[in-house]
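Each chain carries a letter (A, B, C and D) given by its place in the written order, and its residues are counted from 1.
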Amino acid sequence: MNSFGRLFRVSIFGESHGEAVGIIIDGCPAGLPLHSNDFSDDLSRRKAGNKGTTPRKEDDKPEIISGLFDGHTTGAPLIILFRNSNVHSADYDAIKNTPRPGHADFVLHQKFGGYNDYRGGGHSSGRLTVALTAAGVVAKKLLPFATIQATLIEAGGDKDIDRAIANAIIKQDSIGGIVQCVVSGFPTGIGSPFFDSVESYIAHLIFAIPAIKGIAFGSGFASASMTGSEHNDAILNETGKTKTNHAGGINGGITNGNDLTFKVAVKPTSSTPKQQHTWNRTTNSIEAFQAKGRHDLCIALRVPVVVEAVTAIALTDLLLVSQRIDLIKPQ
Amino acid sequence: MNSFGRLFRVSIFGESHGEAVGIIIDGCPAGLPLHSNDFSDDLSRRKAGNKGTTPRKEDDKPEIISGLFDGHTTGAPLIILFRNSNVHSADYDAIKNTPRPGHADFVLHQKFGGYNDYRGGGHSSGRLTVALTAAGVVAKKLLPFATIQATLIEAGGDKDIDRAIANAIIKQDSIGGIVQCVVSGFPTGIGSPFFDSVESYIAHLIFAIPAIKGIAFGSGFASASMTGSEHNDAILNETGKTKTNHAGGINGGITNGNDLTFKVAVKPTSSTPKQQHTWNRTTNSIEAFQAKGRHDLCIALRVPVVVEAVTAIALTDLLLVSQRIDLIKPQ
Amino acid sequence: MNSFGRLFRVSIFGESHGEAVGIIIDGCPAGLPLHSNDFSDDLSRRKAGNKGTTPRKEDDKPEIISGLFDGHTTGAPLIILFRNSNVHSADYDAIKNTPRPGHADFVLHQKFGGYNDYRGGGHSSGRLTVALTAAGVVAKKLLPFATIQATLIEAGGDKDIDRAIANAIIKQDSIGGIVQCVVSGFPTGIGSPFFDSVESYIAHLIFAIPAIKGIAFGSGFASASMTGSEHNDAILNETGKTKTNHAGGINGGITNGNDLTFKVAVKPTSSTPKQQHTWNRTTNSIEAFQAKGRHDLCIALRVPVVVEAVTAIALTDLLLVSQRIDLIKPQ
Amino acid sequence: MNSFGRLFRVSIFGESHGEAVGIIIDGCPAGLPLHSNDFSDDLSRRKAGNKGTTPRKEDDKPEIISGLFDGHTTGAPLIILFRNSNVHSADYDAIKNTPRPGHADFVLHQKFGGYNDYRGGGHSSGRLTVALTAAGVVAKKLLPFATIQATLIEAGGDKDIDRAIANAIIKQDSIGGIVQCVVSGFPTGIGSPFFDSVESYIAHLIFAIPAIKGIAFGSGFASASMTGSEHNDAILNETGKTKTNHAGGINGGITNGNDLTFKVAVKPTSSTPKQQHTWNRTTNSIEAFQAKGRHDLCIALRVPVVVEAVTAIALTDLLLVSQRIDLIKPQ
């Protein structure tokens, strides 16, 4: 299924080489001022065109075809559409029979009995993160009291990102990276123990982003080597502010008023320029494989804004489920 | 909210020092042979009593009070109850006003306006993982074709677990650990891109376990330092078997027929014997704090079976959502 | 599946002749004063013992085994259990092979491959309405500003209910009835067009009550014979009060501040004392059938309090989904 | 919220006088042949243009903008869009301040703080039933073994429909009607007791159709006047076929293999040509009111195909939840 959320619910649709991709947002409160310009900054952060990103450039112009009237949300479902224009489907003919290594081509064929739209990954394409990004813009506008900031802090194992990209270009091999996200100003008491923990919610949506292979909150995997007396964050006063923040702002699945912090591992783009091998469905033999199509050398460059988007979506839904509409009610 | 799953749905309830804890399983197919003995192995793996675990020992005897008839599941909701017997609530009087560092005491008080059952963490207690473990036993029985194996591979930063526990006892400070989980024999084509990705589902449930701070699939955070040509798993034949398994058995959110693998970071137990400091609600001042109650020095010792349980729950639900009841239909 | 609701979510479990029946309420706000005495009035309204009702008498003593602390709800799941004591299971041996006409015996056997607990209808029994009634008590306490009143207005086609029952006893044949429900004091603006219409929500839950075969809001089926100028309710002032109430308090799926009104059709109890015929699974032949067990001659007598209960559940959930916790926040 | 269904999930969007209306279908199995021509028959049955229906004529041309590839569904979300072309929004200026009697104008203004798109009812408009009808076409194609037939059997209290319409035209007052629906060939054992009863599911979706005020299964309200021995349907053989069908094909919430039958009450169109009165928000006084815009005199004429559509949607989802994909798997 392709939707998530209880009261702020997103439903994603579309294919990389189909007519359009987009998203429905159901449950956006009425009265939020919204204009297509609001999307520009985040959409351009996600856009291709820099070194290390794909040469496929889409207009990424959001069409809001329902749920907006006189410049404000109406309370009815918002649907935001992005037309696909810059489509080179012929590049993908080969993958009908030669599933690309690292990609979902093989499993999609198995799962859907060969009926999936295989062009450019079809519905599974990273192209659909433009829709997540757009939904994130709306969610962020509902959380004016919070700042959500994601940054690429490492690429290809190197904290100097420019150098990492330069090396990848020289080596002509794709690389991954690590994205850090910090949320400040979010209220205390949101989330629940067990299935609605803030970690569960955020992780669920983070792993909805293609190419993510890990997430860790606060001190994360390093906490496994710490002692309790080191790791515990001492509460300093009645606001719940703590001396350290090893917990990443979450105790027992519930926000504690300190910064929410987590890191995300992005694997290297599967479509590397390097020659590889794969199995051919027609000949049932292994053969050399060279990625066609237009691809990112370091998809991690474009991930931070998507991480912010899904974080904002998760937090907005949790806030509404926690009945804190008073915080987000448009004035 | 305290439930998870679409077609195999678990709902958890109870408090650490209340009358009972337990779980409802809705959607378990009819005809599965089930006996209270089936729970013994996994419940005893979770049990306290070894070095490094709490001296609180509960009988952990499962009462199946509905959904079972003549030794088989009926298709109606299964409810599995564990009575609390070994309760020392007086130990917890202090935490009404002195929220324990690293625990959810502070945020629960904020969230529920002081009405939460604070004794032993109440509904948030790790005690409730006995209920998750029980649900996992049922789920595992529905997946006879798969093996799910979780192991503590590191504690307190040391791969020699016995030594790690011995050191923690000497230092009288709690420690964390890393749990690895491997699932073999699970079919190809389960899961979806985006919100129903296998990673999303498993991570959602893993973070429902108290004390978990990170999860990473396949090569996980290490993949961020790899190149695409290193990371991509070459498909070898028509079964989808790959040469390597950096992807951890998942492409595009969908199982690819290779082993599912992931690692989980467990933080050190918040209730360390070491003296700490915290804020006192009554006096609004910082004071020295000494954990009372009975606690685990290394909760990570008891986590593997819970990791297996939630993994089995996630995979069973995904299998049913994927309409593969043919695989699990009791014969 | 056996649960309903988004933010005030009920999950029903148990069997007529099993150990217990009960319900989980997830999402009940913290701080609601609750005592087992609160259930007495509604449970005794549902109870058997009057003319026309079954001689099976259960204690119907609610055990609240979680979610309650110091006399208030804690915000954690409430679980309310009713032990079955007065069980005569031997009466039901025959129905293994002779499905009772009008009952679900045949379809349950088909659906669950014979694994269903057939005794007294098992999980499908009207016995489980005791659990719905209990959940209704909690929901009503959350709606102190509203009154929900259901009444049996007709039985066996007769508006004189005593006479109807007397006649049924003479004829020794079960009868049905019509229940009317009126909700006053409920706020304007709750519900949505389409799938979350107030009618959709209430009807969904009303048809969860065994033996209900119809529901009609406001003028209901009579409205089909009216003209628009007769049927339209003229708005009188800024409160939305209308001159008439043909709409039953709902426009476009949303409450309009006038009384919510609807009628419900209850079919005659399937277990009539009259001799009938049915098919025998073993002999594959038609044979005479006489209902055994203890049954109601007019189950409709016991339905009104259950109608109120599910109405209260539906309205509480809709109120929370509409983010009106301000209305129900325990003071 | 604007979606319904667990495994075959529809999400409706759009406004009467906005850019478009449409629906997402998530969970449609891959491999179903689908062409825009498939929609023609049902869309033209719903269309305006006959006596008694609105003069607003829309093209109702379905655009399938995702989820379809090479003439088959792909397993990804289907989105079906209908552009609005024939829009006379100026007709609706008045209703900003003069809520139409019988319509949702008043409650929508209250609910959404005046931000709702009030033109032609906005998102609440009957115009959106074109989207339900389209989703119904897809659902029907997934149920080739069943026939779903809804018919208008009475209008304005008259079983001679032509005469009823003629009279309404003479009187210049809108009328309601009764629609009967019969489903044949649907398998036994689908649905559940309580919240997933077939009646609950169908009723939920039927009341999602604007203007519906009642639903009754089998003998419906008449069953309230019957005795048990009259009402019970005697089982005749191992297929579950019954001698009579007072139950409407459902026992204990589960299909019994006989025809599913139910009737639906449609109220008269709120926008009657007759002069009425309503309250004016600006002047806070009662004033004469004359419906503007283009409206149906008997909306019930256009309801049957929508009843069929939501019935097909309900049954498809229940079938998938019951894990009977084997029945609908496209060959």
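Simple rule for what comes next: a residue touches a chain if its C-beta (ideal position, glycine included) is under 8 Å from a C-beta of that chain, and two chains touch if they have at least 3 such contacts.
Just so you know, these numbers come straight off a predicted model, no measurement behind them.
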Checklist entry - Can you list every chain in contact with both subunit B and subunit C? => result A, D
Next on the checklist: Measuring between Cα centroids, which chain is at the maximum distance from subunit B?
Outcome noted: D
Next on the checklist: Roughly how far is subunit A from subunit C, centre to centre by C-alpha average, rounded to an integer in Å?
Outcome noted: 44
Checklist entry - How big is the gap, in whole Å, between where the Cα atoms of subunit A centre and where those of subunit D centre? => result 37
Next on the checklist: Centroid of subunit C to centroid of subunit D, CA atoms only: how many Å?
Outcome noted: 25
Item to check | Numbers and ranges of subunit A residues touching at least 2 other chains | outcome: 1-3, 6-7, 12, 111, 123, 321
Checklist entry - What does subunit C use to touch subunit D in their complex? => result 1-4, 6, 12, 99, 101-104, 106-108, 110-111, 121, 123-124, 128, 154-157, 168, 171, 173-178, 188-190, 192-197, 199-201, 203-208, 210, 212-221, 223-238, 240, 242, 246-248, 251-256, 263, 265-272, 274, 276-279, 281, 284, 286, 300, 321-322
Checklist outcome for this item: As the complex stands, subunit C meets subunit A at residues 6-7, 320-321, 323, 325-326
Item to check | Complex interface listing, subunit A residues touching subunit D | outcome: 1-3, 7, 9, 11-15, 18-22, 24, 26-27, 30-31, 65-67, 69-70, 72-77, 79, 81, 111-113, 115-117, 122-123
